[in-house]
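Shared chain: chain A. Partners: chain B in the first complex, chain C in the second.
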Partner chain A sequence: MAHCTSLQYEPVAEIGGGAYGTVYKARDTESGKFVALKNVRVQTDQNGLPVSTVREVALLRRLEQFDHPNLVRLMDVCATQRSDQETKVTLVFEHVDQDLKTYLDRAPAPGLSPDRVKDLMRQLLCGLAFLHSNHVMHRDLKPENILVTSQGQVKLADFGLAKIYSCHMALTPVVVTLWYRPPEVLLQSTYATPVDIWSTGCIFAEMFRRKPLFCGESEMDQLGKIFEVIGLPPEEEWPAGVTVTRKNFAPVKSRPITDFVPEINEQGAKLLLQMLTFDPLKRISALNALDHPYFHDEETSTLTNSSSQAVEKCSRK
Partner chain B sequence: MARTGFCDSKPLLDLHMKERRLSAQTTEGVIMGFHEDNRMGSAADECVAAPPALLYPHSLQGLPSLQTLVPSLLRHEVETALEKLSLIWDRPYAWDMFLDMMRTQTQTPLSNADLPHYFTNAARAILVDWIIQVHELMQFQEETLYLAIHLLNRSLRQLKVSTANLQLLGMVCLFIAAKKEESLLPEVSGLCSLMDHAYAKHQLLRMERKVLCTLKFDLSHCPALHFLLIFASVARCSAMVVWMARYLLELSLLEGQCVVFLPVQLAGAALCLARRVLQEPPTPEGEAAWCLASSIHVGSETALLRIMQILASAAAEAHETCATFIKFSSPETMHVSRHPGLKNTVALLGVCS
Partner chain C sequence: MSHVQLSSSALERLVARRTFPLHRRTSVCRNLFGPVDHDERSRDVKAKLREIIERDRQRWNFNFETNTPMDGDYEWEEVPADKTPAFYQETVKRSPSSDSADPESPAAEALERLAAPESSSGGGAPSPAEVNQENRVDKLNSRTLRPAPCVKRRRTDNTYITDFYVKRKRAGDSRKPTDTSVSCHLSKSPIPAERTPRKRIR
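Showing the complex of A and B:
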């Protein structure tokens, strides 16, 4: 077991660069199933594995015990020494063939049905609400790390890794996509769980559009593209202590969100705007989003819709 | 019938009668009355296992709220205890957290007390005693000790370790527990010198990786001590009882037979035994609170009794060289380990098997 990577798992193919290093598809020789291997290289000193790595991986394992239907399974973890200064931590996840990006690409012509979008969104928010209630931020939510099984089940991947990586990763020049980043991250202000809600909003729009909502090429360009849709926020909402000032941007007014996402229904549009709210403190939470009237129609309308029921409903899937 | 030592049924039933007469008057009074009534009812249930019909007067039968009040009262008390003990930040999440504690403790069960053939319970006790000394020296949190022994128990069963490396394994379990729980960490070189440099630093770090891989980084553990403090708070136990129970609970770490029991059971048994040993004069409020707290253990009376027997003989045999004995003989811990009552506790528990 201590040699899990070399013996138990046979690499089959490289499946994507990933922002933080290579990900391999491998076969578990014990079960015959495919797994995804993610290697994290952490810097170690004479005191062994860093405390942050020990705690973060332990937290992932702890989340695993809940067996949440909308999170990808973490099946195994192991640590191997590379050199005196570096230890490789290998995380063994269940392998799901398809991510949301390919799922959207493969959807036939008019795109996903409104009900399908709603179902995907509900599952996505359930996974997120669970992570947030356990004080875990995803921080890098995008269609590439939202997995969709052949049965249409949504599973979040790569959650909680951002912290493990950023603290002790051996630095590699990486290009991380800006398209799903919220304004507070682009402005390098403080941030918390609302970052994931912003990304979820971008993804919500993309499910209808089948192309990303904001495709910026730099931080400033990304902010400009955001303001073209939601309008330049008022001075009092601009975060304090950031170097980029509000004056750098044209004083644009917000435009109806349906100009950009014409297929969305009225309640959907309202929810989307609550997710794409500039001020992170005013942005809707995952739990409240699940309780939004957008999710209330059809079969759920007979129930009194409390968020806990919504959570229960989708976690049963 | 094996008595579990939760309470004495006679005064409780008397109390039950007295309390019932008080229930009535205002709406609030009625609710309070039901609380009291039901508390007594459940307590009496546990003690004498009489059919419920005898305990609930006919006038109160058929009130649906009656059955639900005990859980809600218990819930309220547990939430208050968690808050008092600063184990939670947000009261709305308190009950969920408690349920999660109850569930988590069953995640990594040890099905039997069997140790690898080369390792005896006596050797295990020596190792644990040494870990307790190092833990004390490092001034770590109590949670760190409970986690370290939990990691040790699991590692011993999943990892092949030579006898020569057992001390190293013990130290590494404490080190990993400290990484999880502590804000200040000792240097590895310091740990090596505590082991008289019998092992090199790289050996310790290799063992660290080995243990973490074997346990798959599963480091979550709900220490029995937390359950003990919660129950003691719900049951309004005196400081003396709590210290005595903490002493007994720490002794359970040294007992190889105790590894198969759940933290919640170990905590319950330690408190029961502490009450038996100290024989504090009962008060109606204290007994009522105790019965409410012990309603958590309904159904595990046999396990509790078994643990109490193990702990009673451990306490009777504990001597002045034992780190736990020394720790709990200090004035801050009210000298509980020197309490004369501990010497004849086994007899106190009677002849039950």
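Showing the complex of A and C:
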């Protein structure tokens, strides 16, 4: 079956217009587990693979040694030279059937239960706290990059390859989304790990709403939509040295977050606001978020075994 | 850019090192290991590469060069990309030169940090804004650095004998002996994680 498809694959990939590529996945007949191949085509020069790529792969493998329950497993990395200009790096990952996007799409009518949201959020923050404590920012956290196993286990994907993915040249016509980008990135200011917390806040809201919180069509539109919810930040919080000035935006006041996420409880709303804080320095960290009273509520006692183990593992590390 | 700061003699040395052993430029150069057979080395490297590719192929019963599955323990199937999470789809990484020129990818300096979190200079001549960024980044990261146990645990890959000295010293400290390493580290949260106990003892 596969011999003709490899011939087919290359042109499809190169045209990239409209047609979808294919993904190879396999079942390990011994363990019954699934793996999938992610190909990254790396353009090279006479020096071979760029050092940055080698570093990124090394970092991924180092992180892998921790076997963190909320990160997607990386089983192997195989490089093959295609031509003088290109090397194909194949990452062998565990295969998870669905991402958070499809998980939310498939959730039946009233949406996820508050307990389910809390469990997912705890696992998400746990994975993130681990990455951040290892000096790794995700930078592109969105429902498509959060895998959810059939047992409801959250596994972050697509981290640590900042440079590889930064160009977002997916070969399928995927539009780069701005919806989860924090203000400091939209304003092209300086940024660090708090970017991921902003994205997490957007995703937190989306878990209740089952639709994105801020759907901007351009950077400016995205910022405008953000300010309609959190209000235009005071002058002193506006980052210095950015080209977009505060005067470009209408002086809107913040509105109650429950207007946009009516299903959220009181503590959840407080946590959400601490994540959707304009100033990255004032935004809550992943570790502090895990310690937020939202997670201390009684309904937490119904934690699944896997996630409580995950939290334990997280705090131990 | 940093090359600008090199003195001319340093530059010469650099050039010499790069072109060595074809063009010996300075008297400091010494051929310590005898003549290098470049053809032989090239053959060795290629053979090693083939070996690695062959091992990958056997391990996964998949031919990564032709992107075709083979018979073996793994039952491969080809699925349409839109039937799996988007994450698994193929991506292209552009050449590093176009990467750094790309304003859309502020990843360059982030990656430097990512690859070598301890070194603060991301490379290149820093403009005031960049310096500011580095400072801020450190400040931002210090919050997430707080879980020192994480960093400490990483060390267990590579345990130093002095790790054990630290424990002994801690026990002798006025600190409560029942302290777990976790609470111990948290109580010292203002200390950057990089400053490991190993260094402090010296």
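The criterion applied here is as follows: the second predicted complex is superposed on the first by the 255 of 317 C-alpha atoms of A that agree within 3 Å, B and C clash if a C-alpha of one lies under 4 Å from a C-alpha of the other, contacts with A are read in each partner's own complex, and residues count from 1 in each chain.
Note that in this section contacts are C-beta pairs under 8 Å (C-beta built on N, C-alpha and C of every residue); 3 or more make two chains touch, one makes a residue touch a chain.
Just so we're clear, the structure is a prediction, and the values are computed from it rather than from any experiment.
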Between chain B (first) and chain C (second), which does A:55 come into contact with in this model arrangement: first, second, both, or neither?
both
With both complexes superposed on chain A, which partner does A:46 reach: first (chain B), second (chain C), both or neither?
first
Using the superposition on chain A described above, determine whether A:119 touches chain B (first), chain C (second), both, or neither.
neither
Can A:184 be said to touch chain B (first), chain C (second), both, or neither?
neither
Between chain B (first) and chain C (second), which does A:65 come into contact with in this model arrangement: first, second, both, or neither?
both
Which of the two partners, first being chain B and second being chain C, lies in contact with A:206: first, second, both, or neither?
neither
Per the overlay, which chain contacts more chain A residues, chain B or chain C?
C
Who does A:80 touch here: chain B (first), chain C (second), both, or neither?
both
Return first, second, both or neither, reflecting whether A:144 touches chain B, chain C, both chains, or no partner chain.
second
Return the residues of chain A at which the contacts from chain B and from chain C coincide.
1-2, 44, 55, 65, 76, 78, 80-81
If you look only at chain A, which of its residues touch chain B in the complex?
1-2, 4, 44, 46-49, 51, 54-55, 57-58, 60-62, 65, 76-81, 87
Residue set of chain B touching chain A in the complex reads 104, 107, 175-176, 179-180, 185, 187-189, 201, 204-206, 208-210, 212-214, 216-220
Residue numbers of chain C touching chain A in their complex, please.
49, 53, 56, 59-60, 62, 64-69, 73-82, 84-96, 99, 102, 104-108, 110-111, 113-115, 117, 129, 132-133, 136-137, 139-141, 143-147, 149-151, 153-154, 157, 182
In the complex, chain A touches chain C at residues 1-3, 5-6, 9, 13, 20-30, 35-45, 50, 52-53, 55-56, 59, 65, 72, 76, 78, 80-81, 88, 90, 92-93, 95-99, 102, 129-130, 132-137, 139, 144-145, 147, 157-158, 160, 162-167, 169-172, 174, 185, 188, 190-194, 241, 280-281, 285-288, 315-317
